[in-house]
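Structures for review follow.
The two complexes that follow have subunit A in common; it is paired with subunit B in the first and with subunit C in the second.
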Partner chain A sequence: MSHRIGKEYLALQKTLRDPAYRHVLELAPESDQDLSRWRARIAGPPDTPYAGHAFTLVIQIPSTYPMEPPQVRFEPRAMPHCNVDFDSGRICLNILEKAHWSPAWNVLHVVHAVWLLLSDPVPDSPLDVDLACLARAQDTAALDGLVRYYLAGGSRGISSST
Partner chain B sequence: MPNQLCSICLEPLVDNIGCLESCKHAYHLSCLREWHNHSHDKKCPICRIPSNKVKDLDNNVVIDIDEFYNLNQLISILSNGIDTLSLLEDDTPPLEMRPPMALLECGICGIMDSDIDKCCTDCRSIYHEYCLRDLLCEVGDRSSESRCSDCQGTLVNVTSSPLRYRYRGRNAIPRVLMEGPSLVTQRLYESQALANTPIIPQTISGGNNAVMESWKLLSRLQEHQNEEIYKNKNKIQGHVRKSLDYYYHGSGKEITKDQYTEVNKSVSRNLYRISGNVYQPGIIDYDAEAHKMVLKELRRLGIEMSC
Partner chain C sequence: MSAYEEEHNISNEDNSRRELRAQIHELYQENGQSNTLLQLLSQLIPESMQEEWLQGKEEGCPEYFIDSLPRVAKNKLKTGDSCSICCCDYMDDQYPLVVELPHCNHRFDLECVAVWLSKSKTCPLCRDDVLSHKPSVDVSKAEIEEDWGMYG
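On to the complex of A and B.
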């Protein structure tokens, strides 16, 4: 496994210069000694309430990688999104599940998929019920407003659903 | 296909290449195999189109992925059971559930050695030819051809193939042949209810790496299991010998060497059967049982013991 992730790390130096991955501000292991823990920083997609903010992703590479997907989370209490559990940062994204994962994907694909999720929330599989209700009601103004409020540091109680 | 990388390990595809039949995407066979083991579906990692067959480009043969699975399944079942031999702990284990290696002893004398040379085509019991001959003499029928003493099935010679023997001191233990399904693996295969499917995918003619790997693993596991059973039997026999030695080496040799061997054989065989080939010192009092049986056997031989 370390072999494959090492190869990805080498290739990333080049790939990240590609303008198509402009939104990936940073993607690297926490230390060169341990390639199983990675950190990424992604820019909020334009034309969304997330624009202008940067978000940190914590990535854990399992020993069975690439046969099993990496585990990806946002930092706790930093990402208001209907497919992200606000308190833990857990992300609901199908390619991060074992059943949908493919070994042909790499860490960059995963980070890119998470970035895409920011502009395309899926309210039908919510981890944040409040935001999902607004999204399902297609009340974009209220949804964006609430997200902006939280991103600006607006207070949010510990949710009881965790 | 030069310079192409395997999408699973990102190493260049030089050899050990497998090409999925439906979508023609190529990977290392070993990577593909590992992935199929993890995913339990037969979809291509790149395009998710299912393929039932993969073409081994090195050997130019088509491999059925399902048959790969069966082999893998078998290996995992085996490797789970091996540590504890837990399959045997049930009070009345059905024959199918017993480890296949238990059947590697002669059905008459219960000894596992390189002299075993007859096998029943019906129930797959194996025998020494000389044991069968002795049996025929005992029942006074010299003319008839020998038949399986369990099921009266036809016997075939097994020395040439499919059993090969590895010598370990005085005793020898049959080993799985790499070139084809042996009696043992066949038996094993049936016991996992996978009969009628050849254990080696028939489409494979040459030395396919992944399949060979499975074979090697399988034979290692079986060897291990074999050794476990051998150890168990040795321990059980130890008790019988201890009990017998008293009469043999003890005060004024009362039994001959032949009698010693005969009693040892039959008592040990009984004890194996009682304990289901597992050494269970907490449950069975081997010393007492062995002593009782030895006395009974000796009495049967007409030797009256003082104690």
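On to the complex of A and C.
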């Protein structure tokens, strides 16, 4: 079963060229010797305050993979989003939980799901309460403004402009 | 169940085992996967394991379900078909052991899906509850093990 992640790595060389995944700028293990630690870079979705920025995801593949989901987080203090804990980068996404994970999904699916979360925040299960309140109040101007402020490095966030 | 227990405790173990076997056989033919059958069967194994067996169903599928998954014959597999859990082509293996989930017909290596179903009740591909489909048990083809009392 541990060969699975190796197979994914090989397949990715081809899949990543698919235009459907053009928002996945990079997806590879940190080193070819250790396939349990991966990094991804995703482009902010167009028509969101994240557009024009790139974000790094840190991915940990458990030894039980694919029976258990990979652990995925953004870099600390880089992602203002109502389902991301800003300080740690932790992500609240149901498919990343054991109960909702499926072994038929792969690392690319996970990265894609995180990317989709950027344009489709779920304010009902927030890790960032302030942003979630704005999202719930449907105050898009304030929400986008606050996100842009963080992305520009406000409140000690990491500036992530491309 | 008390009547059964009384029988089970009688001194002649062979006799009780034979009767138990008959009861199980009858139950199996009547209602393939009922709870009564499971409870009855659980009494064949040591008490310490009974609870685990009856409660262990909460998370994953019972072992009998995994063991009873229909196998897909090799000539029904096409080159390029692969198991979505390990991503290996079935035909890479000279003797592929592939099973089909009864309710959705999704196929997997038995080795892969058995590990998954021991912890989950959902199909990895369609997320449906794999136990929701209750096929009628065809007892005419079922092999009745001669040594039913192997746990006794």
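As a convention for this text, the second predicted complex is superposed on the first by the 154 of 162 C-alpha atoms of A that agree within 3 Å, B and C clash if a C-alpha of one lies under 4 Å from a C-alpha of the other, contacts with A are read in each partner's own complex, and residues count from 1 in each chain.
Note that in this section contacts are C-beta pairs under 8 Å (C-beta built on N, C-alpha and C of every residue); 3 or more make two chains touch, one makes a residue touch a chain.
Treat the numbers as computed from the prediction; the structure is a model and nothing was measured.
Asks: Following the superposition defined at the top, how do subunit B and subunit C come out on subunit A, clash or fit?
Replies: clash
Asks: Now for A:His23: first (subunit B), second (subunit C), both, or neither, which partner does it touch?
Replies: A:His23 contacts neither subunit B nor subunit C.
Asks: Which partner does A:Arg4 reach: the first (subunit B), the second (subunit C), both, or neither?
Replies: Touch partners of A:Arg4: subunit B and subunit C.
Asks: Output check: A:Arg148 vs subunit B and subunit C. Expected answer is one of first, second, both, neither. What do you get?
Replies: After superposition on chain A, A:Arg148 lies in contact with neither partner.
Asks: Touching A:Arg41 in the superposition: subunit B (first), subunit C (second), both, neither?
Replies: Neither: A:Arg41 stays clear of subunit B and subunit C.
Asks: Which subunit A residues lie in the overlap of the subunit B contact set and the subunit C contact set?
Replies: Residues 3-4, 7-8, 11, 66-67, 102-104 of subunit A touch both subunit B and subunit C.
Asks: Using the touch definition up top, name the residues of subunit B that touch subunit A in the complex.
Replies: It comes out as residues 7-11, 31, 34-35, 37-38, 45-46, 48.
Asks: In the complex, go through subunit C and note every residue touching subunit A.
Replies: Where subunit C meets subunit A, its residues are 84-88, 112, 115-116, 119, 122, 124-125, 127.
Asks: Tell me, which parts of subunit A touch subunit C in their complex?
Replies: 1, 3-4, 7-8, 11, 66-67, 102-104, 106
Asks: Mind pulling up the subunit A residues that touch subunit B in the complex?
Replies: Per the touch definition, subunit A meets subunit B at residues 3-4, 7-8, 11, 64, 66-68, 98, 102-104.
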